[in-house]
Every structure is written in C-alpha cells, then in structure tokens.
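Please go over the structures that come below.
In what comes next, subunit A is part of two complexes: it sits with subunit B in the first one and with subunit C in the second one.
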Partner chain A sequence: MSLDTVAIAEENPNSVQPFAELGLKEDEYARIKTILGRRPTSSELAMYSVMWSEHCSYKSSKVHLKQFGEKAVKSAALLVGIGENAGVVDIGQNYAVTFKIESHNHPSFIEPYQGAATGIGGIVRDILTMGARPIAVMDPLRFGLADAPDTRRLLPGIVAGIGGYGNCLGLPNIGGEIVFDESYAGNPLVNALCVGVMKHEDIKLATAHGAGNLVVLFGAKTGGDGIGGVSVLASETFNSAKPTKRPSVQVGDPFAEKVLIECCLEIFKADLVIGIQDLGGAGLSCATSELASAGSGGMDIQLEKVPLRDPTLSPEEILMSESQERMCAVVEPAKIKHFMAICKKWDVTATVIGEVTTGERLHITFNGQLIVDVPPRTVAHDGPVYNRPIMKPSYIDKLAESTFTVPLPTAADEVKAAVLKLIASPNIADKSWVTSQFDKYVQGNTVLAQPEDSGLVRIDEETHLGVAISTDANARWSYLNPYEGAKLALAESCRNIATSGAKPLAVTNCLNFGSPEDPEVMWQFAETVRGLADACLELGLPITGGNVSFYNQTGSVAILPTPVIGVLGVIQDVRERTPMGIPAADLDLYLIGKYNGNLSGSEWAYLHGEIGNSAPVANLEMEKRLVDFLLSGQSIFESAHDVSNGGLAATLVESVLKNKIGARIELNDVANALFSETPGRVLVAIAQNKTNDIAKLAVKYQIPIYKIGTTGGTNLEINQAVISIEELSKAHTETFPRLFG
Partner chain B sequence: MAKIIVEVMLKPEILDPQGQAVASALPRLGFTSLKAATSVRQGKRFEIEIQGDPTPTQLAEAEQAAQSLLSNPVIETYIVKVEK
Partner chain C sequence: MSFRVGVVTFPGSLDDRDAARAIEMAGGTAVPLFHASDDLKEVQAVVLPGGFSYGDYLRCGAIARFAPIMNSIVTAANHGFPVLGICNGFQVLCESHLLPGALTRNSNLHFLCRDQKLKIENTNTLWTSGFTAGEEILIPLKNGEGSFQCDDETLNILESEGRVIARYLDFDPNGSRNLIAGISNERGNVVGLMPHPEHAIETLTGPSTAGLTFFTSALHQLVGR
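Here is the complex of A and B:
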C-alpha cells in the first residue's frame, strides 16, 4: 500500500475515503476538510476518526458535563481539576491523592480476561501519569442474571482478569460492587478505579512546551493491538444478527507495567520530565495531540522511529494502535541522558520519536514524508459537540401512576424464610468467591477492604493518615428517577465513607448508559448529570474527573442508567476507623435515621419481579448532618454499617456474620423495617454506658435514633424469629460457589 | 493407537508476554546463538489418545472441541491433526 502524504492529499483532493467505516459522520468529515483546507491524509483521517469518537471526544456528553465545572464549589483541597488525566486532592501533611474511575465495558464483553485486565492497566497508568504511586484499585461490576450462561462465561473471566493484572502489579483491590440485573445481559459493566498518592511538589501534567524539548516514547513496543479499538469497541452497538466483531484484542502484560511504574517513579523523582501522558485509547494519536495542544502547540514526530513489535504495521495503524504499557514524555535535551539511563536500568525500551517546536502544528513524518499536518487542538479538544435531543421516557410516568405489591412476611417463620431468601440472592450474597481472588492486603497498608462499607488504606506509617474510597450506584432508583438516583448514589457513597470514620473530600464518576442517539437514554443521562452536579454543590464536594460510557445496549434495550459514583475521604488516624462487624456481646444496637415503607427499587421488590413506582427523594441536608453525626460519634461507635441494598435485613446479617456475634432485635412493622431501603440510615453498636453520649449527638445533629436491640448469643433474633448464625452463614455464602464454583 | 493433536497458538497479532519473556531469557541463560531470535511464541498442545484410527465423527468433534473449549477463538488459532 502506498503512503498517503500531505502532498498527495493536495494533489488528489477528490479521492474517496472510508470515513463512514471509521465511524465519522458526513458533516464531521466535511469539518475536517474545512479545518485542513484539503482532504485529510489517511493518517490524519485515522487520527480524527479515533479522537472524535464518542469515547475520546465526549461529543454527546460535553454539553451536559460542563455543569460539573459551572456549578462546582471552589474547594481549596482540589489541586488539579477536571481535564487532566486524573484530578488531584490535598489530604494534608503535604500529601496529595489522585483517583479516577473508568469503564472497560465493551472490551470485557469481547474478551473478558484481557478486557478487564487492560482496564486495570489503563486506569493505573492514568494515576501514574499524574506523578503518583498507585496504591489501590477497586472495581464496580455489573452483569446479566447470575444464572445466565453468558454471565457464567463473563464473570469468572473478568474477575480473573482483574485479579491477574492487579495482583501481579502488587496493588491491593480494596472493594467494589457486583450487581446482577437482566439489563446488563450482553452489556456487562467493568469499571475500574485506581487511587494513587504523591507529595504536592510531585504533581505532573500532560503538557509539552519548550521548543527543542524531546518527545520520548517508552515502555512496550507497538503492535497491532486494538487497532481502531477505541472507536469500534466503544462507539458501536453489538448487533446479535451480524457476526460478532472480533477486533484485535489488546493483551496486557502486568509485569511490564510494574516495571514501567517503578521506572516512571524514578524518573519523576529525578525531575526529568516537562510533561507526561500515558497511551491508552487512541494510542499515539491521543498522546501526541493532547500533549501538543496542552503545551505551546507545535510538535514534530518521526513515526518510523516508533519501535514496532509487528514490522508490517502501516503508519495509520501505528497511530491508532492501543498496545498496552506505553508512556510518552517530554524531556529537556540536557536531561535525556539521565532519562535514558533510568529506562535502561529498568530494561524499558525508550526512543526519542520527535520534538516540541515553535510552530502551532503537529507534524508527523514517516521516512521523511509528511503524512500529518494538523492543528493539534482540532484533534484533541475541538471535536464535534452534539446537543442531542432528549425526551422523558414514557415509562417513568406510567410507573409513577402504577401500584405494586410484594408479599410481606408477618409470622416468625415467614420472617425467617424471607431473610434467608434475601441474603442468598446473588445481589446480596457473600462475594468472597470473587474478592478472595484479589489480593486485598498486599503492601501491608490496607486497613479495611470488601465487604466493609469503604476501602481504607494507610498513607503514612508514622502519622497513620489514611484515605477511604467507596463506589456506589443504585441503577433501579436511577431508572425510576435519574436525577434523584444520582443524588442518592453520591449520598450513599459519602455515607459509606463517613460510616468507616473518614471525611468525604472529593468525587469521581463513571456514567454508564445506553445509546446517546436514543432521546430517552439521553434524557436519563442529562438528568443524572444535573442531579450529580446539584448534589456535589449541596454537599460542598468537588468533582475531580470522570468517564462516560455510552452505547451499553443490545438492540433497542439499554442498560439501566448506571452512574457509579466514587467518593474519596480522608481519615487522620486509620487506627480510629469504625469496622462494620459487631465486635462484642452486650452492646446496644441503634438504627440511625428514619425509614418509610417505600419498597420501590429495593432488592426485596426486585426478588419479586417488581421495580416499584418511585425513587426516594434525596435529603442531602440531612445526609450532611448524618455525616457530621457519624464523624463526631466515631469514638463511641464500636461498629457501624450502612443500610442500603437489602435494607436493614442485609445490614444486620452482614454485621452479625462478620465476627459471628449474634443480636436480638425488636422491630415494629417488621417487614417494612427489614426490607425498605430508605436512604440515610446506619446501624451502629455502642457500649451500654454510652447511651447518653449518643442521645446528645442525636440532639445536636437532629438525627433520629432508635434503639432496636442488643448484641450477643449465637442467633440473629428478630422479634420471634430466631435464625442461627450457621443458617445465616450457609445461606449467605453458598450462592456464589454454587453459581460459579 | 492414534492421537488426535490439537495445537493452540495466540494469533500472530496478539501480544505474547510469556513468549517475550522466554525470548529475552534465552541469551541471558547461555543460549547465545538464539540471541538472534526475533521472537518466541508460546502455545499449548493437546493429545487426545484414541483406539484405532480416528473416525470422521471423532475428528469433527475434536475440531469442535478445539474451537469451543480448547482455544479462545477471540485471541487464539488452532490446528487439528492426527499422529500415529
């Protein structure tokens, strides 16, 4: 195949180009021509197509996401905000923390192990790029029905991939979620979160300035991995009628990534880079255009210098390749020798592939021939922006007017059977089968991990400063009311952080939705973003970044709107954290917060095939007081556990099973009290001589508290229903091994 | 007694980290003449022993097993052959 150069493009303006196959619309193609004043070369077309895809350009979501900036509170803690590879937050003692969550949904559907593994690899490099040492990962997952054959294919592969990659890197996996719902059949959600830590002065940005500075590509060699993957994998819907697309799958090499992490950290320590960017989706196209447009503007790249694993790759393919474990840095010429020496020490291939120029264009040559000549901003940032039509889905009002009934247990034996049924259901059942495949404690700083309310990691071994992370989403509430659903997810995530004893500090998000071309999906998305932005404003928390994953749908059926919200919290002394499990007998159990009988969106309703009619309305003012209540009361709480999925029933069982210490509970209106998932509630255990303290706190923060029982014994007794710990344990732990073992 | 052999290899365009590790270990461990090896690819081989010569049904089923069980068709290729 002959090389399509800029000169040829000028001579043959009318050559037919496969823009549609590359995912570009006709008007987008026309716009490229206007920008360049000629037709693009095939390499330019490749770059634009991949950078203007939904996945890279956020073209459907941009108009909504800007609310995160506009409504945001000014937070002194926010050191780096949205727009960089990941946001950075000040946690005190000169430490800064960066965290971010991303989706790797579509690649994980195609090849579960490698898709999930490279999802971890990608988010870890994002964190590394900020100058931070990655310290922990988390992974919220969604699957179709637990007993569906496709789930049996996907779940073990995805779990093994996350474990395989994360364990090899030596990163503890401290939490996440696993939720099953038929809407995720064929559209599993694999979100990955990474958190990293650094000192304030070590923050690095993705920028290229200073003419004459060198552009260095380092890490793995470039192969044919995931060519076009970013647009093909992330921007098109799978159609079961057509044969499944089998694009070149990216294969991760965690050991190469581990070496790359240590190599980068040594390079950062020696202060050798001006700017740095990882190569993820859209590979070199993305790295070069983003680095150049964030800097002074000009960059020359000699593409033939890129070390190749597959020498037959064309320049277009080199630009689009998504080979893993690669980084791109801008280095001053005076420091290049030192830079190369560190790379050599770590056995990392590093090659100077170009330099920063005084111009304003990104020039890419291949063996001396000019194949790309573009203003980098037009590739990286000035992509198309769509204000897509939105329409409130008709199902919402229809459901709102509907009534639903689910059977509610009353007699003691019915209550017992109902609790056992609930805790054995896949969404509530014990997830150790999954989490035991992950290394939770490597590095020795993990203080809390799954199934605790939040993951908690020690940052400083002398002061015991630590951070807590939690991710949450209740997609059924989002389906009933996406605005409230987003607010509730943020509230729950904050509550989880505070329940563990940490103070919520910053928010990240991964918004998983169906096709943006469907006005009803777009409405769900717009409402979600509006809800999240409003909630962050009300809670006074900055959004540090996020990720949007669209096209999670099969045919015309979209997934439930699934905004996964991650909250980062800080705890001054990790030894003061509050665990979820009841630690001793003869403690008083208090339910903090009031419930109502609305079972909409609850697990109990879902078990009976009902979604309900209305989501709860988030009361963030109260949630804020609740957070303050929890933080103030930390020293008197022996244990604390959030009430969410599965209601008080699930919370009680998890609290009892953790240390196998029973409890005796008295409840009025027992079924609603057990199964309602009214937000804003926490179960706490306190010593019996602390009654006055908790009562004072309740008055101070105007939080209703109810003494519902005491701890001890070998049973969970709810009114007259007596369930032994063995029965609970059996029901709770047998589900996953039975389904996937 | 014959054997139906199924050989599974990663597709050529797919990264093979294990093969790469072997390639870089060879010269380091004294196999210096293999330093020139441009690449090492690692795969797996299954030997299915049967009585007598394989029937067409057995071969067809071996082929099916190779495709659906023994290999991951997304990232691997396979060949089925008979050894006596």
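Here is the complex of A and C:
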C-alpha cells in the first residue's frame, strides 16, 4: 500500500475512503473534511476515527456528564478534577490520592484472560500517569447466569487474567463485586479500579509545554495488537446478524508494566518530565493529540522512529495500535540524558520521537513525508457531541402498577431452609474461589480486603493514615428506577466506607449501559447521571472522574443499567478500623436503621423470578446522619457490617462465618426482616456495657436502633430456627467450587 | 551495632519492600541490593524476596539465577553466608542449585492466596532457631507455582537429614511432596520457604506475627557470632 500523504490528499480530494468501516458516520466524515479543508489522509482518518469513537470521545454521554461539573460542590479536597487521566484528592499530611475505575467489558467477552488483564494494565497506567505509586486494585464483575456454559468460559478466564496481571504487578486486590444476572449473558462487565498515592508536589499532568522539549515514547515496542479495538470493539453492539468484527484484543505483559512502573516512579522522583500520558485506547493517536491539545504549542512527530515489534506495520496501524505498557513523556532537552539513564537501568526501551513546536498543529511525518497535519484539539477534544433522543421505557410504569408475591417462610424449618437457600445462591455465596486467586497481601499495607465492607489500605506507617475504597451498584434498583438506583448506589458505597471506619471523600464511577442509539437506554443513562449528580451534591462529595461503557447489549436486549459507583474514604488511624466479623461472644447485636419490608429488587425476589415493582427512594439526608453515627461510634463498635444484597440474612451469616462465632437473634415479621434490602442499615456488635453509649449516639443523630440479639455459641439462631455454623459454612462455600471447579 | 541484611531487587520483584520492613521490625538494617551489581555491600545476610522476577515467563527463577548479584550470593552461601529465599526467592535458590528440587504449578493450577497453617519441623537453621520444634504458625501463602517436587532420593535425604524446615498443616495447598513448605541446605545457612513470613509481622496487616521469628532468629544468631 502506498503512503497517503497530505500532498496526495490535496491532489486527490475525491478518493473513496473507508470511513464507515472505521466506525465514522457520514456527517462525522464530512466534519473532518471541513476541519481540514480537504479530505483526511488515511493516517488522519485513522486518528479521527479512533478518537471520535464513543469510547474515546464520550459523544453520546457528554451532554449529560457535564452535570457532574455544573452541580458539583466546591471541594477543597479536590486537587485535580475531571478531564485528566484520573482525579486527585487531598487526604491530608501532604498526601494526595488518585483513583479511577474503567471498563474493559467488550475485550473481556472476546478474550477473557487478556481482556481482563489489560483492563488492569490500563487503569494502573492511568494512575501512574498522575505521578502516583499504584497501591491497590479492585474489580467489580458481572456475568450471565452462574450455571450458563458461557459464564464457565468467561469467569475463570477473567479471574485468572485479573490475577495474572495484578499479582505480577505487586498490587493487592482488595475488593470488588461479583454479580450474576441473565442480562449480562454475552455482555459481561469487567470494571477495574486502581488507587494510587503521591505527595502533593509530585502530581503530573498530561500536557506538552515549551517549544523544543522532546517527546519520548517509552516502554514496550509497538505491535499489531488491538488495532481498531477502540472504534470497532468498544463502540458497536455485538450483532449476530452482521459478520463478526473481531480484531485482536491487546495482549498484556505485566512484567513490562511492573518495570515501567518502577522506571516512571524513579523518573518522577528526579522531576524529569513536563507532562506525561499513557498509551491506552487509541494508542499514539490519543497520546500525541491529547498531550499537544493540552499544551501551549504544536507538536512534530517522526513516526518512523517508533520502535516496532512488527516491522511491517503501516503508519496508520502504528497510530492506531493499542499495544500495552507504553508511555509518552515530554522532557526538556537538558534532562533527557538523565531520563534515558533511568530507562536503561530498568531495561525500558525509550526513544525520542518528536518535539514540541511553537506552531498550533500536530504534524506527523513518516520518513520525511507529511502524513498528518491537524489542529490537535479537533482530534482530542472537539469530537462530535450528540444529544440523543431519550424515551422513558414503558416497562417502568407497567412494573410500578404490578403486584408481585414471593413465598415468605414463617415456621422455623422454613426460615432455616430459606436462609440456607439464599446464602448458597451465586450472588450471595462465598467468593473466596475468586478472591483467593488474587494477592491481597503484597505491599504489606492491606488492613481490610474483600469480603469486608470496604478495602482499606495504610498509607503511612508512622502516622497510620489510610484510605478506604468501596464499589457498589444495585442494577435491579437502577432498572426499576435509574434515578433512585444511582443515588442508592452512592449511598451504599458511602455507607460501606463509613462502616469500616473511614470518612467518604470523593466519588468515581463506571457507567455500564446498553446502546445509546436506543432512546430507552439513553433515558436510563440520563436519569442515572442526573441521580448521581444530585446525590453527590446532597452528600457534598466531588466526582473526580469516571468512565462510560455503552453498547453492552446483544441484539435489542440491553444489560440492566449498571452504574458502578466507587467511593474513596480517609481514615486517620487505620488501627481504629472496624471489621465485619463478630469478634467475640456475649456482645449485643444492634440493627441500625429501619426496614420497610419492600422486597422489590431484592435477592430473595430474584431467586423467585421476580424483580418487584419499585425501587426504594433514597433518603440521603438520613444516610448522611448514618455516616456520622457510624464514624462517631467506631470506638464502641466491635464489628460492623452493612445490610445490602441478601438483606439482614446475608449480613448475619457473613458476620457469623468470618470468625465462626454464633449469634441468637429475635425478629418480628421474620421473613421481611431477613430478606428485605431496605437501604440505610448496618449490623453492629457492641459490648454489653456500652448500651448507654449507643443509645446516646442514636438520639444525637436521630437514627433508629434495634437490639436484635447477642453473640456466642456455635449456631445462628433466628427465633426458633437453629442453624449450625457448619451448615452455614457448607451452604455458603460450596457453590463456587461446584460451579467452577 | 546494627545488623545489615540485604534485600535483592530483581526486575519484577514485588515483596522486596515488605522483606525490608520485616528486617527493620526485627531490629536489623535492610540494605537494598540491585540485581545488576555483584556488590553485597558488606551485608551479613541476604533475603531473596517474593515476586515474579523477569515475569517468570520461563521457569520461575530461571533467569534471575544469572543476575550478577547471584554470583556473589552463591559463592558466599557456599561458605556459610545466611540466605533466606521467600516464594520467588525459593525458586531462585532451587534454580541456582543452592537448594535441591523445584517448585512447579500448584496442583489445582490456580494462583492461591490464603492464610496457611504450617508446622515448624527444624529449628536448627539460622532462620528458624527462634521457633520451638513442632510449633504451629499461621502465615500467608501466595503463589501460582509452589508445589515442591524432587526425586525420591532427594526426598529421603531431606527427610533423613531433617532439612524440611516447615510443612503445610491441615490443608494441602499445592500438592508439594510430603507437604513440604520449606527446606534448608546441608549447613542450614540457606533456607527456602514458599509462604511469606514477611507478611505476618503485625496483626493489622497479617494473620499473625509469627513470621517475624524467621528474621529475629537470624539476627540473634548473627549477634552471637
């Protein structure tokens, strides 16, 4: 194939170009021509097509996401906000924390191991790019039915990929979620969160300033993997009627990334970069245009200098390649020698591929021929924006008017059977088959990890400062009411943070939805964003960034709307954290917060094929008081565990099984009390001489509390139902090994 | 005076900072050693930490054994210099022929991270002298290739000479022969251990503090010299 240069594009304005195959619509192609005043070269077309894809440009979500900025509270804690690779939050003592969550859903469906592995790799580089040392990862996962053949293909591969990559990087995996629902069949959700820490002065940004400064590409060599992955994989619905488009999913090399991390941290420490950007989706197209766009000048790149794994790659392919473990930095000429020496120490390939210029354009040449001449902003930031039609789905009102019934146990043997059935169900069952494949110990600072309410990591060994992270979503509530669902997910995540003893500080999100071209999906999305923005405003928490994953649907069937909300909290002394497990006998058990008996969206209803009729309405004013109650009560709580999926039944069983210490519980209206998932509730254990203390807190924060039992013995006794710890343990732990080997 | 214990960082080492933390907590001074240099910096003992040296893309530890630092360590170890290899470090010691046998894929083929009960079998090595014989401890185990394998003859030698220093108790995590979790060389100065004592030094971040004894054992022995 001959080289398509700017000169040729000018000479042959009418050449037919495969813009549709690259995922561009006709009007988008026309817009590129208007911007350039000519047809794009094939290299320019490649760049625009990947950068204007849904995945990179947020073209369908932008009009909604701007609420996050408009409604946001002014938070002094926010050091870097939305728009950079990841937001940065001040946690005190001159420490800054950056965290972000991203999806790698489509690649993981195609190739579970590599898709999930490179999902971890990508988010870790985003965190590293901010100047931070990555300190932990988490992975919220969603699959089709647990016993479906495809789930058996996907889950073990995805879990192995997350472990294979994350373990090899030396990052503790401290939590996540695993949820099964038939709507995720064919569209598994693989979200990955990473958190990193740095000192305030070490924050780095993706920008290219100063004419004459050098653009350095370092890390792995560029190969043919993942070419077009962004535009074709992440931005089109899987449709069995059309021929399948399955370009290669990127292949990860965690060792290269580990070395790259150490190399970057040494480079940062020596203060050798002006700006830095990782190469993820859209590869060099993204890195060069974003760096140049955020800077003050232009940029010249000599593409033939890019070290290649496959020497046959064309310039277009080099620009689109999504080869992993690469970074792009802007370095002053005076510092380049030092920069290169550090790369050499870590055996990291580093090559100067261009420089920052005084101009306003991004010029890319290949062996001296000009193949790209564009205003970088038009590639990186001025992509198309769509205000897509929205329509409230008809199912919502239909469900709201419907009634549903599920069997409610009353007799002791019925209660026992129901509890055992619930805790053996895949969504509630013990997940250690998965989490034991992840290293939670490395770095030596993990204080709490899954199945605790939040993952909690020590930041400073002297002062005991730490951070907590939780990710949550209740997609069934979001299906019934996406506005409330988003608020409830945020409330739950904050509650999990506070339950462990940390103060909620900032929010990130990964919004997983079906096709934005479906007005009903778009309505779900719009309502979700509105709910999350309102909830953040009411709780006084800034959103530091996020990710949108559309096109999670097969044919006309979309996944449940799944906004995964991540909350970061800070704890001044990690030794004061509260674990979930009952630690001793003869403690009093209190249920904090009131239940209303609604089983809509609950696991118990789901087990009987019902989704219910209405989501709970989030009471954020109460949730705020609950957080304050929990934080004030840390010193008297011996254990604390949130009530969420599976209701009080699941909470009790998990609290008992953690340290194998039983409990005796008395409940009125036993079935609803056990299985309702009414939000805003926590189970706590306190010493019996602390009754007055908890009562005072309850009055102070106006939170209803109910003493429901005491700890001790070798059974969980609920009214007359007696279930031995052995029986609970067997039911809880056998499900995953039975399903997945 | 302070006792200097080196911790080697290979490309891909992960638990190097954790090993250093344990050494410091035991009262020693941790000295970082880099794979590319053969300088042992006058340390009195060395820990080869866990991780995935060179990605472990070949056999685990197979490339690390050729690092310049390993030449110095092998020479010194053959003269009685104390070396503790943890997890990947154990694998490196086997590949370097300082210890017999090999670590292969876990029998269930999965990476496994769990709190593992061990029985300390030999308290005569430099690294286990602080334990009582038969002591049961709980420390983290985390690896994908931790199944200790060797031929019958080697196994007989290890058992008859009392060179099995720790065995898995109550649960077989990986299919190791005779449930072997760690072994020593003939002299007892070189010890390889699959579980991670450096992650059991404080109850806040580990299941016990029993791991610290491996490090205090060595420091006490070195003080006595």
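Operating definition for what follows: the second predicted complex is superposed on the first by the 736 of 741 C-alpha atoms of A that agree within 3 Å, B and C clash if a C-alpha of one lies under 4 Å from a C-alpha of the other, contacts with A are read in each partner's own complex, and residues count from 1 in each chain.
The rule we apply is simple: contacts are C-beta pairs under 8 Å (C-beta built on N, C-alpha and C of every residue); 3 or more make two chains touch, one makes a residue touch a chain.
Just so you know, these numbers come straight off a predicted model, no measurement behind them.
Engineer: After the subunit A overlay, clash or fit between subunit B and subunit C?
Structural biologist: fit
Engineer: Would you check which partner chain A:111 touches, where first means subunit B only, second means subunit C only, and both and neither mean what they say?
Structural biologist: first
Engineer: Looking at subunit A, does subunit B or subunit C touch a larger number of its residues?
Structural biologist: In the superposed model, C touches more residues of subunit A.
Engineer: Answer with first, second, both or neither: which of subunit B and subunit C does A:437 touch in the superposed model?
Structural biologist: Touch partner of A:437: subunit C, not subunit B.
Engineer: Does the superposition put A:225 against subunit B (first), subunit C (second), both, or neither?
Structural biologist: Only subunit B is touched by A:225; subunit C is not.
Engineer: Between the C-alpha centres of subunit B and subunit C, what angle is opened at the C-alpha centre of subunit A, expressed to the nearest 10°?
Structural biologist: 60
Engineer: Would you check which partner chain A:333 touches, where first means subunit B only, second means subunit C only, and both and neither mean what they say?
Structural biologist: neither
Engineer: Should A:447 be classified as contacting the first partner (subunit B), the second (subunit C), both, or neither?
Structural biologist: In the superposition, A:447 touches subunit C alone.
Engineer: Now for A:258: first (subunit B), second (subunit C), both, or neither, which partner does it touch?
Structural biologist: The second partner, subunit C, only.
Engineer: Once both structures are overlaid on their shared chain, how near does any Cα of subunit B get to a Cα of subunit C? Whole angstrom is fine.
Structural biologist: 5
Engineer: Identify the residues of subunit A that lie in both the subunit B contact region and the subunit C contact region.
Structural biologist: Residues common to the subunit A contacts of subunit C and of subunit B are 253, 255-256, listed in rising order.
Engineer: For a test of understanding, state which residues of subunit A touch subunit C in their complex under the given definition.
Structural biologist: 160, 163-164, 167-170, 253-256, 258-259, 262, 345-347, 435-447, 458, 461, 574-575
Engineer: Which part of subunit B faces subunit A closely enough to touch in the complex?
Structural biologist: Residues in contact with subunit A: 10, 12-17, 20-21, 72-75.
Engineer: Considering the complex alone, what residue numbers of subunit C touch subunit A?
Structural biologist: Its residues touching subunit A are 11-12, 14-15, 17-18, 21, 36, 50-52, 54-57, 110-114, 140, 142, 144, 196, 198-199, 204-206.
Engineer: What residues of subunit A sit close enough to touch subunit B in their complex?
Structural biologist: 110-111, 114, 220, 223-225, 246, 248-251, 253, 255-256, 309-310, 323-324
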